[in-house]
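Two complexes follow with chain A in common, the first pairing it with chain B and the second with chain C.
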Partner chain A sequence: MKEDSLEIGGVKINCRLFVGTGKFPSHQMMQEVLLAAEAGVTTVALRRVDSGAKADNILDYIPSGCKVMINTSGARTADEAVRIARLARAAGAGNWIKIEVIADNRYLLPDNLETLKATETLVKEGFVVFPYMSPDLSVARRLAECGAAAVMPLGAPIGSNRGLKTKELVAIMIREIKAPIIVDAGLGKPSDACVCMEMGCAAVLVNTAIAVSRNPVDYARAFSQAVQAGRLAYLSGLAESVDEARASSPLTGFLHNED
Partner chain B sequence: MSYYDYSCRYKNGEGSNAAAFGNDDVERALAGEDPSPLDFWALLSPAAEDYLERMAKKAQEITLRHFGRTIQLYAPIYVSDYCDNQCLYCSFSARNRGPRKKLSLDEVEREASFMVEAGLRQILLLTGESKKESPLYYLRDCVRILRRYFSSIAIEVYPLAVEDYKSLIADGVDGLTVYQETYDEEIYKSVHPAGPKRNFRFRLETPERGAKAGMRQVNIGALLGLADWRREVFYLGMHARYLQDRFPDVEIGASVPRLRPHAGAFQSMYAVTDRNIVQIILALRLFMPRLSIALSTRENSRFRDCLIPLGITRMSAGSATSVGGYTSPLSNDKALSQFEIADHRSIPEVMDVIRRKGYEPVLNDWIFGI
Partner chain C sequence: MKVRINGSDEIISEKLITLQQLIKDRGLSPKQVVVEVNLQIIPWEQWPQITLQDKDSIEIISFVGGG
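This part shows the complex of A and B:
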């Protein structure tokens, strides 16, 4: 397979599996998972980074080849997300930001309008911005127009492990949006990730399914392989699927006899 | 409509008799994805006691999905035990004669510094209810000191008005804890014979005032042992659901402390066994998948450790429950403890146990000033 890296903000990312760092039983386990999956990018919630901690700073456990993207988990408004992003950059955590604005604790669905506002502000301030959103074509267009590095629609609610429930909408976004589409949230099985990649997603982001699996390291590996398989299939051009068997003797075959 | 009016609809409803539920009701409650209030009642009923293992498996799975393998750690800091109330079950009752203490701001700073050294970054500020000794401006002064040390500050003080909460939030408070103690208005009046706390309705509506003011987290609770626990927990769960529905951007939490021995020797009339506590935590988890559930050092270490994988999400650790209890050894002997601590382990010891259970102890989960 020829080189097929994803280039975002001047950075080449070789592995299209992004892994979130929440919910793991230990920082060590999270590190093993990132290594096993060879994750290209990892998201870290700034709320979990204790810069004052003498030991056990989560950022110290991120492998060197893995790009850190700080997420704004806990933000309920665009203003809060913007403040978290600025703090992250000031703390030396880089300028890659996943915007996560959630004002609904029951379903944990993102607030697209606030997400758009935060994206506009942060792009202007020089951040590389990855907005997490409910799949909506017009919002995705505006996110891309204002300079989002990628658009990250959810596959299903965070932590639900339900898979790509938003498939039709994501497919439209892939067709219509020039920015990379990265499915984030809800993917429970490696096959879910594979489907996303076959459809033409640029990458997928997985956290809960891996973190709470009985064997997170192997499960992460399985996801990694599924992402590669899906990507390869996409690049090769998927075989067309048909609903019915094709008759070897077509019903209108007799018409050819006229030629 | 506040929760006071809202909860009236359940007073004599069909679910008011927990003993009326049978196995079919529990099965139905366990089968669904989104239990109704009636299902919640069924999960709290005597019939559900035969289903604890199944409830535990489901509760664990839900908790893992929403919170992962993590347990938040926090500790209380008591700054004043002056109190105008006469709660029959509490050591701080005005009826208990004896020395009282209020920390100077220097002493608050010493306590804060000690707790940060111990590794804590999330704190719960507590006082008795005395507008003379611990008025709003004293609380605000304390918060302005604590914010230099902690990333998250919650308060468990007397009920305040929305504007007062707003001023505390501006100073750096992000969480409010207020326990109703009992949801039974008659029993409430009998165990709170005097003092401002006697106002049942004002206290019941406190969590929603805090949420309105903009608190990020609001924690409610019932002090189990004052009334029939099944009814208490039903009203507690409904209160949590009410708050979540009206304030979707607020993280709602609940606690179910049991009465423990204290100065004044009030005896609980309603026993709550370990088995009951397990059923309560499981039922709350199934009813409210994203509810944060806290467990204090009132419970002993063995029991606390067993509850880690069952649905709790927050634990206090290394706690002192008297004013200045961390740094003033003298006050430890003389001062009142609000309740007896049953788990005396240090923070590192508790962290170690959490890790051995396959969970990560989380000391820091917010960014001050956001």
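This part shows the complex of A and C:
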């Protein structure tokens, strides 16, 4: 297979599986998972720290080949997301930002309008911006126009492991939007990730499904292989689906004498 | 003086305390946290020069796992 890296913000990403760092029992486990997945990108969040917090910094456990993207989780408005992004950059975490603006506690669905506002501001400030959004073509188009590095529609609610419930809308976005489309949230099984890649997604982002697996390292590896399989299938061109059989073996044989 | 740290009011008895000292007193290392005073990010090099004032609002933030 010829080289097929994803180039975003001047950086070549060799693996199209992005893995979040939430919910792992230890930093060591998270590191093993990122290595097993060969994750091209990972996400990290910012939180207030109490006195006497553990001295180890999660960033020290991220493998060198894995690009770090800070998420703005906890933000309920565009202004809060912008503030988190600036803090992350000041803390030396780089300028890759996943915008996550959520004002809904039950389904954790993103607020697309606030997300668009935050994207506009942060792109102007030189950030490489990855907005997490509810799949909507008009919003996706505007996010791409204002300079989002990629658009990240959800597959299903965060942490639900329900799979690509938004398939039709994501398919339209892939056809219509030039920016890379990265499905984020809700993917539960490697086959879900494979479907996304077969459809032409540029990458997928997975966290909960891997972190809560009985064997996170192997599950991450399975996701990685599924992403590669789906990508390879997409690049090869998916086989056409038809309603009736088309024989794959010759039907004219020696068992029946044809008149 | 009364300051707000990570959203909670706290009374600080010292009259003069630098940001550097505050972080140290809380057992945190500079490499690990980012600090905002009254919504302004203060790079760690400047911590020794910043003296806390009454009613300052301070946020001490660090990286954690997240998706």
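Following the convention adopted for this analysis, the second predicted complex is superposed on the first by the 238 of 259 C-alpha atoms of A that agree within 3 Å, B and C clash if a C-alpha of one lies under 4 Å from a C-alpha of the other, contacts with A are read in each partner's own complex, and residues count from 1 in each chain.
By definition in this document, a residue touches a chain if its C-beta (ideal position, glycine included) is under 8 Å from a C-beta of that chain, and two chains touch if they have at least 3 such contacts.
What you are looking at is a predicted structure, and each value in this text was computed from that prediction instead of being measured.
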After the overlay on chain A, what do you see for chain B versus chain C, clash or fit?
clash
Once chain A of both complexes is superposed, is A:A75 in touch with chain B (first), chain C (second), both, or neither?
first
Tell me which partner A:L205 touches in the superposition: chain B (first), chain C (second), both or neither.
second
Once the shared chain is lined up, is A:L113 touching chain B (first), chain C (second), both, or neither of them?
neither
With both complexes overlaid on chain A, does A:R48 touch chain B (first), chain C (second), both or neither?
both
With both complexes superposed on chain A, which partner does A:R86 reach: first (chain B), second (chain C), both or neither?
second
Look at A:T21 in the shared chain and tell me whether it touches chain B only, chain C only, both, or neither; answer first, second, both or neither.
second
A:L235 in the overlay: touching chain B, chain C, both, or neither? Say first, second, both or neither.
neither
Among 135-143, 225-233, 279-287 or 351-359, chain B clashes with chain C only at 135-143
Common interface residues of chain A with chain B and chain C?
22-24, 46-50, 52-53, 83, 87, 159, 208
Per the contact definition, I'd like the list of chain A residues that touch chain C in the complex.
20-24, 30, 43-53, 55, 57-59, 70-71, 73, 83, 86-88, 90-91, 93, 158-159, 185, 205, 207-208
The answer for chain C against chain A in the complex is residues 6-7, 25-29, 31-34, 36, 39, 41, 43, 59-67
Listed in rising order, the residues of chain A that touch chain B in the complex are 22-27, 46-50, 52-53, 74-76, 80, 83-84, 87, 102-106, 108, 159-161, 208, 211-212
Residue set of chain B touching chain A in the complex reads 64-70, 116, 119, 121, 151, 216, 244-245, 248-252, 290, 355, 358-360, 362-367, 369-370
